[in-house]
Amino acid sequence: PLTFVFSLLLLVLFLFIFLTLSNMIFGQILEDFPGLVKAAGNRSVMAAILFSLYAGFLATLLSLFLGAPAGYILARFDFPGKRLVESIIDVPVVVPHTVAGIALLTVFGSRGLIGGPLEPYIQFRDALPGIVVAMLFVSLPYLANSAREGFKSVDPRLENAARSLGAPLWKVFFFITLPLSARHLLIGSVMTWARAISEFGAVVIIAYYPMIGPTLIYDRFISYGLSASRPIAVLLILVTLSIFLIIR
Amino acid sequence: PLTFVFSLLLLVLFLFIFLTLSNMIFGQILEDFPGLVKAAGNRSVMAAILFSLYAGFLATLLSLFLGAPAGYILARFDFPGKRLVESIIDVPVVVPHTVAGIALLTVFGSRGLIGGPLEPYIQFRDALPGIVVAMLFVSLPYLANSAREGFKSVDPRLENAARSLGAPLWKVFFFITLPLSARHLLIGSVMTWARAISEFGAVVIIAYYPMIGPTLIYDRFISYGLSASRPIAVLLILVTLSIFLIIR
Amino acid sequence: MIEIEFLSRKWKNFALDSLSLKIESGEYFVILGPTGAGKTLLLELIAGFHSPDSGRILIDGEEVTYQPPEKHKLAFVYQDYSLFPHMSVKKNIEFGMRMKKIKSREKLSEVSRDLKITHLLDRYPLTLSGGEQQRVALARALVTDPKILLLDEPLSALDPRTQESARELLSDLHKNKRLTVLHITHDQTEARIMADRIAIIMDGKLVQVGTPEEIFEKPVNSQVASFVGFENVLKGRVISADRGLLKIEAGETFFDASGEAEVGDAVYAFLRPENIALSKTSAQSSIRNSLQGRVTEVWILGALVRVKIDCGIHLNALITRQSAEDMNISPGVPVYAQFKASSVHILR
Amino acid sequence: MIEIEFLSRKWKNFALDSLSLKIESGEYFVILGPTGAGKTLLLELIAGFHSPDSGRILIDGEEVTYQPPEKHKLAFVYQDYSLFPHMSVKKNIEFGMRMKKIKSREKLSEVSRDLKITHLLDRYPLTLSGGEQQRVALARALVTDPKILLLDEPLSALDPRTQESARELLSDLHKNKRLTVLHITHDQTEARIMADRIAIIMDGKLVQVGTPEEIFEKPVNSQVASFVGFENVLKGRVISADRGLLKIEAGETFFDASGEAEVGDAVYAFLRPENIALSKTSAQSSIRNSLQGRVTEVWILGALVRVKIDCGIHLNALITRQSAEDMNISPGVPVYAQFKASSVHILR
């Protein structure tokens, strides 16, 4: 009886998620397939989707470059204030998305702490760098945390054994630690990338243009209504999910 | 040397997140403290923030009601298609936020699969139920997953021991399994709630009004610019973070 | 009484294969088998935690095969004791009473006294030693007066000193409460000391059931023989047989053994290393073999010494360090290896 | 040669307290102590994985206290062998050669032959048995010809049969490669068999250093005595002393012991259970005690039997099951407990 009721609730949960997505996808395909084809043929739609994927990729690369070393330090060393540092790194996960956008704009905007001095060289607002910074901000914690877990899962005795065999620390890192945590880093990168391309709130504040996929969907929705934005939404989710399937 | 370079990168990561947020918060407090006070005294601002917290709370309750039983079934039983069910439950994490909004609107809108028949009784678009459904959709996976991990961490032998002492399955669940996974469920609920109140993209599509905190920030930003939205952003994040600190 | 009929079940890497077994009321019954033989799976099937693929389980004549565990009315104690970590010792013990709606303050204090845990009642399980946890687990299982007690490797998580007192405790409980005890273990010494009867399970199959004497003196096949410690396996041929006394030829060596066989039979002779004594002088007799040989290897194992001897056949003996020192046992030394004809177990 | 001077270090629950020790070149040195005594921490300090809070470590006269591990030039084998799971056995062994830029195909095949792992070179560590993993770990550590080998509980992860051959292997390596071996263990038998010298560490402090004979026959205090197996502790008074032969009065009982003490001294006498023989007849002599008593308890422990005897003083003896059966030992039976005066260790 308990098992039955619980299974029923699992079914409800499953159907809620499954029906919501499949209703949109199959509704579009069955009711308005030409609209989907038209959207796929529209240059600005495809440009926005590809731009999403590209910006997400750049953000993931930057995350790896910053997050993997940070995760290594957090996994291997204890230092005063470590808990505080870990908490701060987790904060972007809970910051409301538009708040993150406002915060980033104050720092990277043309009069901001970083955006100001850099203004002559690089522009963040309404440009690719701003989009990447917004994606980076919301997705960094995922990479740092899964890198930390990955490095923690490597037995320090393996590193000690390698060191006593004559390897200096950096060789130990590249020959032992990194290969053994590769799976964690890969999964972390995929999650980071997924988080990056799903972001809308932070990006839309710092850069409405050039439009990424989610922004284009919002723009069409506001301007022309549900039926105009649905084909783009279906396209974006199909592209995203098929990339995940390929990676897995 | 490796350790030094890596520590430096950790510092960069830390500063990126810390400076972004503290620059906004302290910038507001130091440069325009009266604006912050005024925002805090503004009835519509506080209403939107409280409305965020309230809708997030409802979404978390619903998540618990659906996600905890689902997590129990996933933790304790093997059935054909289990991996597929688990993958589908994880999908909302990677769905771009505005796509989720469009999908929910197709289902819960006035002509949608569920929203249509329910139209005379309950309205989702531009109403609290729509906001809660959007928050629920994006945050459910967090609760279901941490419930599953929590239940998995309870040794089945403890449940067996309880059963051989005469307890039927439902008593075992409420007296043994639930108390032993309470910590996981609590942490999962907090994460779910955090995810719910941070959402903007999905909510803004299904319900621009009544405004939740993140929507109000966006609205003010579009209408009056950065300086008008910043105090609200600072207020929202201060409220959110202090609630977290209290719970921890 | 527990009756198990043709029980089969696959689960993960384990499988039980059409196993039948009958455990009488009041017996102390030990199921002995190597790790991975499926012993815990069998116990969990009897307790009702899993359902079998086929076969039946009867408890006191009533079929419980597909009944939920709470209907099996038996007490179960896991190897790790499975105390509820979020409840005090008192609440742990009361749990079964609450579930079975038994309200009796005396029961609790009585069982606490019996198991010497009265001073632990307010503690939490994680703060207890292994031996204390075991006594609490037994109290929790026994407070509702079950007739049958299932024990899953009850001694293996205890250190050697606590094991001795735990064995005593289990024996006392069995006698004083007239319990039917079903105890599984991989430790042959434990089985020998505790059991009224022993069943040997290997690879999910029941191989032998009998009293400790039968199991340890007359194993039914060489697999059981080597599992119960007959480390010396000698292949030979019977050259004379007279009223149960056999003379056996193994290579160029001859020895006596007691057993049933025909002249000319090819037989295996099994001999435990601890049943071989070493001596500097021969002391052949009609019931005692004394084979001349030479020490080839000596390994000190704590208080014991393992000595390998070449007497034409290779023997493996276990003697105390004291006697090894008294006899100056070291490689090359000539010795007589002595063992009784009745210590040799013969299998055709 | 390893010199350790006043080494102190706290780490997690462990602490080493101003420990000084000198291990000579070519020695097989065993550090023996109970679990949690800080043995692994000491080994990791010597290998350079941690830095001490104070004190110095010198290897072959050169101070390496704060040098990184790769400068310590010693081989280290962990209890779980720590093979790199993502590399084949061959790559594992070559790792140290690559790091030290040694290019020699012969070294690899030579060490593989020595350790009998040639057939395993293409396998991956997770597919190997415990004994095979250990041989690979030794090969990986020894392929670059280190002079010093540190072993962290090298036998404890092996089953008893593999342990015997692993002990043999370690002895051979020590002799043939003229290695200085530093081996830590909590197993006194292992220490006794393997060591040239033994150091006893308890609670992070060095308690005694000496040959196995010194450690096991003349423990410096009662803590060491009971750790190395002197289970009988008798409190008594010396009533006569003549050229190293003492007569001791313990309650109403008298016995002889060899040792140095003055008449009238209050002493503790330590006696191992396996050094007590039981007999049906008295056989008193000048060097052998024979105390009349009565069996109080008998516990069968596999091939051995633990017998408790009341001879006025309570003694704990360990004899083989064979002799217990021959003498019909059971509670209540009268016996003589016999032990040599030289088996008794005296501490004031």
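Annotations for the structure displayed:
As written, the chain order gives the labels A, B, C and D, with residue 1 at the start of each chain.
Here is the rule we use: a residue touches a chain if its C-beta (ideal position, glycine included) is under 8 Å from a C-beta of that chain, and two chains touch if they have at least 3 such contacts.
All values reported here derive from a predicted model rather than from experimental measurement.
Taking each chain's centre as the mean of its C-alpha atoms, chain B lies 56 Å from chain C. Chain geometry summary: the mean Cα position of chain A and that of chain C are 58 Å apart. With centres taken as mean Cα positions, chain B sits 17 Å from chain A. Centre to centre, using the average C-alpha position, chain C and chain D are separated by 30 Å. Counting only residues that touch two or more partner chains, chain A has 169.
Multi-chain contact residues of chain D (touching two or more other chains): none found. Interchain contacts close the chains into one ring where each touches exactly two others, per the touch definition above.
Pairs of chains meeting the touch criterion are A-B, A-D, B-C, C-D. Across the interface of their complex, chain A is touched by residues 1-3, 5-7, 9-10, 12-14, 16-21, 23-24, 27, 52, 65-67, 69-70, 72-74, 77, 85, 88-89, 91-107, 109, 112-113, 136-137, 140, 144, 169-170, 173, 191, 194-195, 197-201, 204-205, 213-215, 217-218, 221, 226, 229-230, 233, 236-237, 240-241, 244 of chain B.
Within the complex, the chain D residues that touch chain A are 44, 47-49, 68-70, 72, 74-76, 78, 80, 82, 84-86, 95-96, 99-100, 140-141, 144. Chain B makes touch with chain C in their complex at residues 155, 157-158, 160-169, 171, 175-176, 179-180.
Residues 164, 188-189, 192-193, 229, 272-275, 277, 299-304, 318-322 of chain C are the ones touching chain D in the complex.
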